[in-house]
Amino acid sequence: MILNPSVLALLLIALLVSVMGLYAGYYGLRILLRWNPASGSEMQLDLERRTYLVSTIMSYILGFELMSLFLFIYTANDLHLLFTGAMCAAGTLAVNFFGYPVLLFKIVNFLLAGVWLVVNYTDNRGYDYPLIRFKYKLLTLVVPLLLLESGLLAAYFAGLKPDIITSCCGSLFSHESNSFSGDLASLPHLPMQIAFFSGMAITAICGLIFYTRGCAGYLFSIAATLTFLIAAASIVSFIGLYFYELPTHHCPFCILQREYNYVGYLLYATLFGGAVAGIGTGVLMPFRNIGSLARIIPVMQRRLTLVTLVCYLLFTLVVVREMVFSALKLGL
Amino acid sequence: MKRALERHLNILEFTLASLLRRKAKNLSLLAMYLLVIFILASLQFFVTALKREAAIILSDAPDMVVQRLVAGRQDLVPARYAAEIANIRGVTAVRPRLWGYYYDALNGANYTIIANDDPAIGPERVSIGAGVAKARNLAVGDLLPLISYDKAPVMLEISTIFPSNSDLIAADMIIISPGDFRQLFNFPSGQATDLAVMVRNPKELPTVAAKIAGQFPDSRPILKNEIQRTYQSIFDWRGGMTLIILASALFSFIIFAWDKAAGLSAEERKEIGILKSIGWETSDVLLLKFWEGAVISLTAFLVGTVLAYGHVFFLSAPLFAQALKGWSVVYPRFQLVPVVDVYQLAVLFFLTVVPYTTATIIPCWRAATIDPDAAMRY
Amino acid sequence: MIELSGITKSFNSGKPNQFTAVDNVTLTVNNQQITVFKGPSGSGKTSLLSMIGCMARPTSGRIFLHGVAAAVPFQQEGVDSVEITSLPERFLNQIRRSTFGFIFQQFNLVKGISVLENVMLPAYPTGEGQALFRARALALLEQFNIARLAGQRVELLSGGELQRVAIARALINNPSIIIADEPTAHLDSKLSQEFMAIVGRLKGEGKSVLIASHDPIVFDSPLIDALVEMRDGAVVASRSSR
């Protein structure tokens, strides 16, 4: 256990998020069980008021998840000095089994909280709250994940002992390594680049079709989701290399540092933002024809689609710019 | 989009006006908030600056230091070790170092005395840190009297005083020539306090260290990054311990914040009731409350960190400098180099604003869900 | 037109202190008329008005608002009436904000801010640009001859001025229905008459006005179109003056 202010801050946030999540989950369950819009009873009025509380809590959770995601990476980076072999966040995260799962859950929970808020926002605009059951079911799925993430985080920090010898981005994200991260790094550049650019192109085309004609919504959402995954893998596989101008440095974290003008924040913000909007579009698809939302969802979806398109476009532009101007040229 | 923005602006404007209207209540909250942020930020700035300081000092330290242990205690290293280590492959240079501590009975301080071949120093001349100069009230050209091992006075002329503005170690440092050093402490010739070993390729450090340890079983090689790590964790630990104590302060602050947010005055209750009765919705009042918290938090955060900055970097952290540094009493005026980065600020934000915000969610929600028709019954 | 059918409002239902404030009220209130609700204290006038004004929801029964489609952005196209009792608070509020203006017995102005700000207050969360509603507020103050008080704080105003500020505030969002609960309780008879004159003007502008009152100046006024008498939560008599 390392007692340092940022570790304390992260643990504190995890605690707060868990407590808030449990609280929201409890009322979510009550709403699931007792919701009856036809009733004017005091209990129904109370439940209705609780929905405001739950959405407020969820928006705070989303904010905290996002901020703590970056704080987590930054802290891991800051702690690397304590571990032999660690040169950046990648090494610190590899110190014990829990590091990477925490990161993964933070990302997943961020995406889920974002999608939940999209659904919530939409639902709040239908006068009979048609998605209320769906969204509170979704909430009961999110809450255990939030708790799991906090547990993993605690386990991770509890298992951090200075002087542990670890391996860092050099070996973790290198072609020789047999791990998943190593596999990502050893994905050949050319096919990865093709996958990345065609993913972006397909998403853009589907998005434009959906935006203008209102069809192929599912296709767009699936494309956006897959492209998110491909882009994340591409950061490890080839995008990072251009920024580092080193053909062997595959680390997904170093781009968050000052040496690279914090470009990582832009990349991840656009990627995550685009993904939330893209997944959100798909999640809303089945409800397009519900009476009270029939006029609202299509408008919502067009906006979300636009967000995804703009975010992904920005992401691609940053990558292309770097590929053109980087001193590194990857052989094909 | 434009409507949403206008709504925010209108409500924000009203928030600012109502905060000003209720100065008394908000000022006490702000003062508490400020104090907590000020203390945490001072601590954080102070510890980080010390860490940075130590890292800078260590950055021109040798890659490896070799000590010798006798009966588990550090002992002098014979010069022949240096010659043999220099022959190990990969080693570029070995420098025997002479250094030790000098207890100054006059003011109870411990100085670090280091011998240096630097020709600027030469026999009977000395360079001292600003801390020493201040403690003994000395200037360049004065004589520094030291008492040798056999209680005989040794007078050295001061040639340089290290500027006081940055480093932690230089403040209590005295640098003299090797000859004077041996005379002062009756230090046996042909021996050194330890050896500084330079290695061509940093990646070979562990290998070289292993070879040295193998060749001289009584030696103890210490790598620079090991020292760095120790420093790092010492500071973290100290910062962490103190933070735990502060956490309890923070905790009571949170309870205070909760109480403030929950204990709406009749006046405020009525006001929210009026707002709701004339067409404000629960989420509008929630937004109002959000802005209220945001304005208070940001004010407290900005002012608190700026005050802490002044406290640590201009006033040298009088509140806890002694407690935390605790190396020596030679730090009457110790100026840290200002280092503040986004990361530190983010950590502070998480430790103060986030818990405050969380603590106020439920009270704010309760306030926002006052019945709109309550206003008809005042 | 406002149509109430079988409206009941109970408090603390299921508990021993259960109380029915409004009991099975069925009623029609016409547009562009002045309707007065009269009855002894505790007869349920305020409760009824707050349900009509989308401030509270009835325990059972239905309320239809006709001719307010413009104010109901979430409703299906082509439908001109809304049934408000099944709507969640969020939507009730949208309707309330754009359709109703309220005048309270105690005027309920916010202390410490200026007259102008008080009048603008209901418009803040609508998302309308401030310049627009500020101009409208100033015009209203002008109309009620209190423009010179715009920057004054409300604590310093006289009763008659307070009342006119309250009326101006009720009108800021251009509502089609004005609800006034005991508006003359704190006014002398001259001011009460002045109030009725203003109400008559509002009716002339095409607004519907609903007033709860025990004041003879109000319910005996020649201006009113309909009188509803209540007792113990029920309507005991309802007559139209025309």
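Note that the chains take the letters A, B and C in the order they are written out, and that residue 1 is the start of every chain.
Everything that follows uses one rule, which is that contacts are C-beta pairs under 8 Å (C-beta built on N, C-alpha and C of every residue); 3 or more make two chains touch, one makes a residue touch a chain.
Everything quoted here is computed from the prediction, not taken from an experiment.
Participant: Which label fits the chain touch graph of this model best, line, ring, star, complete or other?
Facilitator: complete
Participant: Find me the chain with the mean Cα position closest to the mean of all the protein Cα atoms on display.
Facilitator: Measuring from the global C-alpha mean, the nearest chain centre belongs to A.
Participant: Determine the centre-to-centre distance between chain A and chain C, using the mean Cα coordinates as centres, and give it in whole Å.
Facilitator: The computed centroid separation for chain A versus chain C comes out at 48 Å.
Participant: Could you state the distance in Å from the CA-based centre of chain A to that of chain B?
Facilitator: Spacing between the chain centres: roughly 34 Å.
Participant: Centroid from C-alpha atoms only, then distance chain B to chain C, rounded to Å. What do you get?
Facilitator: 63
Participant: Which residues belonging to chain C are in contact with no fewer than two other chains?
Facilitator: 89-90 - these are the residues of chain C that touch more than one other chain.
Participant: Touching at least two other chains at once: which residues of chain B meet that condition?
Facilitator: Answer for chain B, listing residues that touch two or more other chains: 282-283.
Participant: What residues in chain A touch two or more of the other chains?
Facilitator: 49
Participant: Report the residues of chain B in contact with chain A in the complex, numbered from low to high.
Facilitator: 44, 47, 225, 228-229, 232-233, 236-237, 239-241, 243-244, 247, 282-283, 286, 343, 346-348, 350-351, 354-355, 357-358, 361-362, 364-365, 368-369
Participant: Quick one: which bits of chain C touch chain B in the complex? Just the residue numbers, please.
Facilitator: Residues of chain C touching chain B: 46-47, 49-50, 55-56, 89-90, 93-94, 96-97, 102, 104-106, 108-113, 117, 121-130, 169-170, 173, 181.
Participant: Over in the complex, which chain B residues touch chain C? Could you list them?
Facilitator: Per the touch definition, chain B meets chain C at residues 2-4, 6-7, 9-11, 13-14, 17-18, 21, 267, 271, 273-275, 277-284, 287, 371-373, 375-378.
Participant: Where on chain C does chain A make contact in their complex?
Facilitator: Where chain C meets chain A, its residues are 12-13, 57-60, 74-76, 85-91.
Participant: Please output the residues of chain A touching chain C within their complex, sorted ascending.
Facilitator: Of all residues in chain A, those touching chain C are 37-38, 40-42, 45, 48-49, 124-129, 291-292, 296.
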